[in-house]
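Each structure below is given as structure tokens.
Below, subunit A partners subunit B and then partners subunit C, in two separate complexes.
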Partner chain A sequence: MKIVCNGKEKEVRDGLTIEELIVDLELNPDTVVAECNGAIVLRPDYPDRQLSEGSVLELIRFVGGG
Partner chain B sequence: MIHVNEVPRQFKPGLKISDLAGEIKPDADLFIVNGHPVSPSLVLEDGDSCWLIRKGEKPSAEELERLLYARHTPGVHEKVKNASVGIMGLGGLGSLVAVALARVGVGHLLLADFDLVEPSNLNRQQYFIDQIGEKKIDALKDNLARINPYLLIETIDGILTEESIPLLFNEVDVLAECFDGAEMKAAAMRCALGPLAGKGFVGASGLAGYEDCNMIRTMKIRERVYLVGDNETAARPGRGLMAPRVGVAAHHQANQILRLLLGVP
Partner chain C sequence: MLTIAGRTFKSRLLVGTGKFSSARVMKEALEASGSEMVTVALRRVDLDDPGDDIMSVLDRERYLFLPNTSGARDSAEAVRLARMARASGGGDWLKLEVTPDPRTLLPDPVETLRATEILVGEGFKVLPYINADPILALKLQDAGAAAVMPLGSPIGTNQGLLTRFQVEIIIEQARVPVIVDAGLGAPSHVAEAMEIGADAVLVNTALAVAADPVMMAKAFAMAVVAGRTAFEAGLAGSRSRPEASSPEMGLDFLN
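The block that comes next holds the complex of A and B.
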């Protein structure tokens, strides 16, 4: 299926969860903010939240230091 | 017309700065005219800007306000004086954001941290060697009071969470995310895009090491929500946090906070 991730179309496997997508991108889900179809997704929901055809996802990655 | 301590006053030909001091501030021991120290016998000219200073004396709230008012573009001082800003984390970013906003004259700061000043902090954070072991909230409050004692500085002592942030910072105009850990940076951004939507928010990510400072940018995430940094350079062994880049990022944050307070679109 196709989703839109940070403005770019992306082919992903059916039923992919937000957690799996972030791990596939080699990022730590604890340090990534996810917004799906305009709504913020809470961190505990990443493993259960499945993407569907046409889902619009915005990911913001954070790195440490302050 | 001349100005004395930013107050306008009629010009009289032949008047010496010491005559002026005799009338207004007899204990003055430092005379500044148009930005330069001068001798007491200097004869003033029309249009001069004079400061009569008693060394070591703290200006009154009114005097300091006149000074800030004169320094700022018209309209800026009133807006920042009545503004409130929350700062989450008082490390390299937060301590510098607080100092910049205090110097600008932001009237109310709400500072949150759980930590103590450690020797390793002194390479970039706005604390002094005699403050090692103090709580950061107390040490920074003292330091800000030495810059401007007339600001309202409130503190929160403890560890912030994704649940407590929206409750504790609901009343501020703008919130600065100055955490060290990436997990809390993400949690704070979720608050900004979720329960705190509509509030000004300025976070930071990617400021370690000594890469090119020009990689550090202010990015707009959403209306009134911004993220500062290069998005890349995490703090890790071999790439530590250092004063210059942390300072660049902190001042990007402070400037964006100022822009939000002034209503710059």
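The block that comes next holds the complex of A and C.
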């Protein structure tokens, strides 16, 4: 299925969870905040939250800033 | 001791984590600064080049995280970023920034007040970054801001305390801590802000782009202590006419 992740279309396997996607991207689920279709997904929900066709996902994290 | 929203800090120097040449240099500069509160920003992960995760080098036991809402152009964007910061474990503390004009990076007072009201209602400890406007500072503290952060000069300019006159009024009227933020480019600038009674200062660019950020962090830490100590000691004040510091009497033998 296709999702949009951080502004780019991405082909992923059906039923992929947010947790699995973050780990596949070699990112740390504990330091990445996910927003799916405009709503924040809380960290404890990552393992159960499945993406679906057309999901729009934003993966955000802290960077250096003043 | 500095107290903000019921939490006490030994250091009156807040440090921003942007623009450092490497995570290692940033970590060492933070340690040298003695700071206990650091700002961070929120950005989309670059999936093609994720780079270092800042959270892997920052010790959350040692530093209170003050996520900022940099990049927000209005109150709605700032609120969205604030909620993301909290969801990502950033805690309830927030440096609220609303800067609609990328050219000046000056904060929008109306949107900043609006966002403060919303976020205070959601339980955030809001530290709004503002132009040095005494009336706005009063309205923000009335709205529940935990501190106010007037700018010394525009972000990243290192021009020092160009807003001194207004900051003095803000300090005189404040019932919450006043943290001078932005534009403080040299230890003398932060010493000046502390001498006039600022509760704390926030610096980033001045350390991050110095030739030796770690040594510069030490210099700024000393300047903060020097300025604060001078404020508490009570400055002697200035006068327009000269006054000899040696006795005028006892010179008869020269005649």
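Please note the rule applied: the second predicted complex is superposed on the first by the 62 of 66 C-alpha atoms of A that agree within 3 Å, B and C clash if a C-alpha of one lies under 4 Å from a C-alpha of the other, contacts with A are read in each partner's own complex, and residues count from 1 in each chain.
We take it that a contact is a pair of C-beta atoms (placed from the backbone, for glycine too) under 8 Å apart; a residue touches a chain by one contact, two chains touch by 3 or more.
Nothing here was measured: the structure is a model prediction, and the numbers come from that model.
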{"item": "Touched partner set for A:7, first subunit B, second subunit C, both or neither", "value": "second"}
{"item": "Residue contacts with subunit A in the superposition, subunit B compared against subunit C", "value": "C"}
{"item": "Which superposed partner A:61 touches (first subunit B, second subunit C, both, neither)", "value": "both"}
{"item": "Contacts of A:26 with subunit B and subunit C, given as first, second, both or neither", "value": "second"}
{"item": "A:35 touches, of subunit B and subunit C: first, second, both or neither?", "value": "both"}
{"item": "Intersection of subunit A interface sets (partners subunit B, subunit C)", "value": "28, 30-33, 35, 40, 42-43, 60-66"}
{"item": "Touching residues on subunit A, where the partner in the complex is subunit B", "value": "28, 30-33, 35, 40, 42-43, 60-66"}
{"item": "Complex contact set, residues of subunit A against subunit C", "value": "5-8, 25-28, 30-33, 35, 40-43, 58-66"}
{"item": "Residues of subunit B that touch subunit A when the two form their complex", "value": "89, 91-94, 162, 178-183, 185-187, 189-190, 193-194, 203-208, 221, 227, 229, 231-236, 241, 246"}
{"item": "Contacting residues of subunit C [partner subunit A, same complex]", "value": "16-20, 26, 39-47, 50, 53-56, 65, 67-68, 70, 83-85, 87-90, 155, 182, 202, 204-205"}
